[in-house]
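A, B, C and D label the chains in the order they appear, each numbered from 1.
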């Protein structure tokens, strides 16, 4: 690739979201409060995407936003709630109404499905799920949800979970160079496997750094450029969640969000104010306010 | 554990090798010229161990030493040679005479066998080996070498390789703290999976560092203490191979080694001189000479 | 006499089930507080692990999320889910895991997924997360629940995580490597499991409650031994340590 | 006229098969030199990968081992085998891999394991290493061998790595995701594969050799097209770059 082709990897959030057709399947990065690609969820909502399937282990505010705004139709996940605060209210309403269908797995099962997808093999064996309704009940995958087999080497029962190779992987990282080499600080959750399992990978990064910075510590690169199709550079892309070494979560905002989602009206207020009511991610950040954002900045040596 | 119990993890090379009974199976760390646990191979020879089975992807001088000295009887490996120099002469003679039995896999197959062992599942699926004699011919595992099955999810043929959980894992790292938290610089080869698949893990480290050093950069810890049963701290434990950021390989010594192994007499000269002719690892280093060892020290920023 | 809140009581009670040197899945909330309290008292070498990837964590501030950066500072390794749930948990290296649930049955099987029928769920709960994995593979399971009669059911609406399944031999049949639930701690009592039948059994009642209080608040047949002791109260030291660990009352509550 | 050694000729010849922007498994020895030469000339954006874990390597000194620290300095990522052989290769992301062999048959199948019978091997060779994986999953395979009649056999003593197996359809039958061998480069000629039969075919002969020389030095039926060109010679620029890359003659040889 020439220098200009390399730089073509860097696109805007709007351009990135436009690449995702209705009906796509997305691996969704981040885990719990850490590195959630909230800005990408917002933009999918602004562009009125429909019928997406989301694959992840555990996500929280981002899933609430995507099911609340009717962007995500199906979820293959292990966990959705707002940890420490309570149930995922939007999801609860959307599941009760039948608007959203969920296929239930455990965290290990989903992580192994991404590992299998990254390795390009059809399934992965696990020792979880067995004996429970996770085996016997399926929402829509039917007999493609999983298989319990007898180990052909004679080791008893084992559960095979099908690999996932979704249309896109969406992953949020701390820093990236213009080629796409990405480094993550702190835990990786399931993002190593998840970033490699999608047919296209879009990386959201807090910071663009020089190639020398990456190549100075190549054993810290967790996503080599060769996997990366598109790069979006954005500050505070995970707000109100956290990004290790960059900023802490915004507990006040989170509590406000969770409280509003308790009713459909409250959720619509948040949706129309914070997501549809702004032009873009910077509009959202302006609304949150830079004083507040700066107050969340991580301090050394704690990283939060 | 109390402070004294923690420190009990640190033992001598002699004590570590004594833990390995004849007939044991060992995951053998390092890859190619990098971080080969040569000092451990030497001590197994000095203690006249017999009938070991070695599991690794690709090893070189260490395998030559262990098959040459009749310590290793079986190998489940992908590659043995001295890269850039030529065939593994000792192995060639031992295989021709029937003294050593090899069960052949590819690098990916072995790495996946270690991954399966680390995950405590009975097998892992791969797309390699198929169509070749790697599938049809087995030296001693028979129908436990691997299985070709039809993917139960309908994706065609897939090869299942059996997981390995050997009695010991032997891994060489750059630095470790007294608890056993180990960090590796540069490539890890198959040592992440290999260090987790053995029933007991013995870590050889070039350097003992304070716990604060490790806990200052926990996302660089590749082997957490909870996996580590014993620690051996030794300088130049990989000589004549290399240890990234610590020392380069000793090409002159390697060439001498490879040349001597061309005949059984030459090999015995090396064995009796460099391994059996010294009391311990420091005896070997004295024989190699500290001038030479110091000249191999890695320089920044190259790491070799 | 020591004064304590209900939450302090539960955390202290749970912390006694953590033994020194054990590998503990901490999670967040009360279990985390219990594990941290154990580390500060009788189990200084407990190895606190968060499924998000933190190993041997020693958080200075209580984390709100299993992935919270508060877990990072001072930990010995920060990796990911394949590490914690695969290499560590599934390989049988976790001694004790904590779980909560919306429903539990008499074999300690847990529902954290749906209230109502699977086909037409009334309430979608958080789901398994790592819960099914922990229940399948941890050596011991400590279950913490608020005591509400509707949660202690004869039949789960959905079985998310395995307890003792259908009793003796059924975990083995499925090859589950963990030992299953050991104790259930509620705000009324502690329950364990009868070794022969693997059915739930009253272990102790908390100060202020009676055996009858408990029996009125479960919908299954609870085994009641002849002798049901009173659960020990927290010590002043435990209370003080908890408040040092959670100075802002994130879990302990501000007013208590 | 450009002066060149046999090794320089082969490296230059092989380098022409690497295209710009491709993901290349470099290995060591001649293939590595060829890949580095390609990067310095027509393929500056080739992504050089070593199966040990180095990605986008730009070594200042030529490595002796696939795990050599010389691969580290300047690379963009240093990981491990599951990454390179699993996530990258098995997922179909490698465009071109280089392999050598002790024996090759007319479908490009390779032996790097045993000479003699499997039951009573005369010579133990290095084995597969990553060879079988690369031959199974790389999009294209470039095979480099010294030309010795005993190596170009009708039947392999042992098939380590798949070429086109038994011809059309047989790679598909086993679900191999790679395209199989594209070219075989020896010190006498280049060979490719007839698209219909997938049998080996003469492509060009090196300066100084004839078609008959080649035919006398293979033990199988080699397809010979009507027109067999002479393999292009290296340029002066290529020679100079090679000597800059390998100033100590590690691969080029000291005297040449």
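One rule holds for everything that comes next: a contact is a pair of C-beta atoms (placed from the backbone, for glycine too) under 8 Å apart; a residue touches a chain by one contact, two chains touch by 3 or more.
Treat the numbers as computed from the prediction; the structure is a model and nothing was measured.
The chains touching subunit A as well as subunit D are B. Interface comparison, A-C versus B-C: the higher count of C-beta contacts falls to A-C. The distance from the centre of subunit A to the centre of subunit C, with each centre set as the mean of the Cα atoms, comes to 28 Å.
Mean C-alpha position of subunit B lies 40 Å from that of subunit C. Subunit C and subunit D have CA centres that are 57 Å apart.
Centre-to-centre, using mean CA coordinates, subunit A is 38 Å away from subunit B. Contact with two or more other chains is made by residues 120-121, 126-127, 155, 158, 186-187, 219, 301 of subunit A. Those residues of subunit C in touch with two or more other chains are numbered 54, 72, 78-79, 82, 86, 90, 177. Pairwise chain contacts in this structure: A-B, A-C, A-D, B-C, B-D. For subunit D in complex with subunit A, the residues that touch the partner chain are 20-21, 23, 45, 47, 54-56, 72, 74-79, 82, 86-88, 90-93, 177. Contact residues of subunit A toward subunit D in the complex are 1-2, 118-121, 177, 179, 181, 196, 211, 214-215, 218-219, 221, 224-226. Residues of subunit B that touch subunit D in their complex: 30-34, 57-58, 77-81, 83-84, 87-88, 91-92, 95-96, 102, 104-109, 111-112, 115, 126-134, 137, 155-158, 186-193, 242, 244-245, 248-249, 251, 298, 301-304. Against subunit B, the residues of subunit D that register as touching in their complex are 28-29, 51-54, 60, 64-73, 78-82, 85-86, 89-90, 109, 113, 118, 121-133, 136-137, 158-162, 165, 170-171, 173-177, 250.
Against subunit A, in their complex, subunit B makes its touches with residues 116, 120-127, 144, 147, 149, 151-153, 155, 158, 160, 162, 185-187, 216, 219-220, 301.
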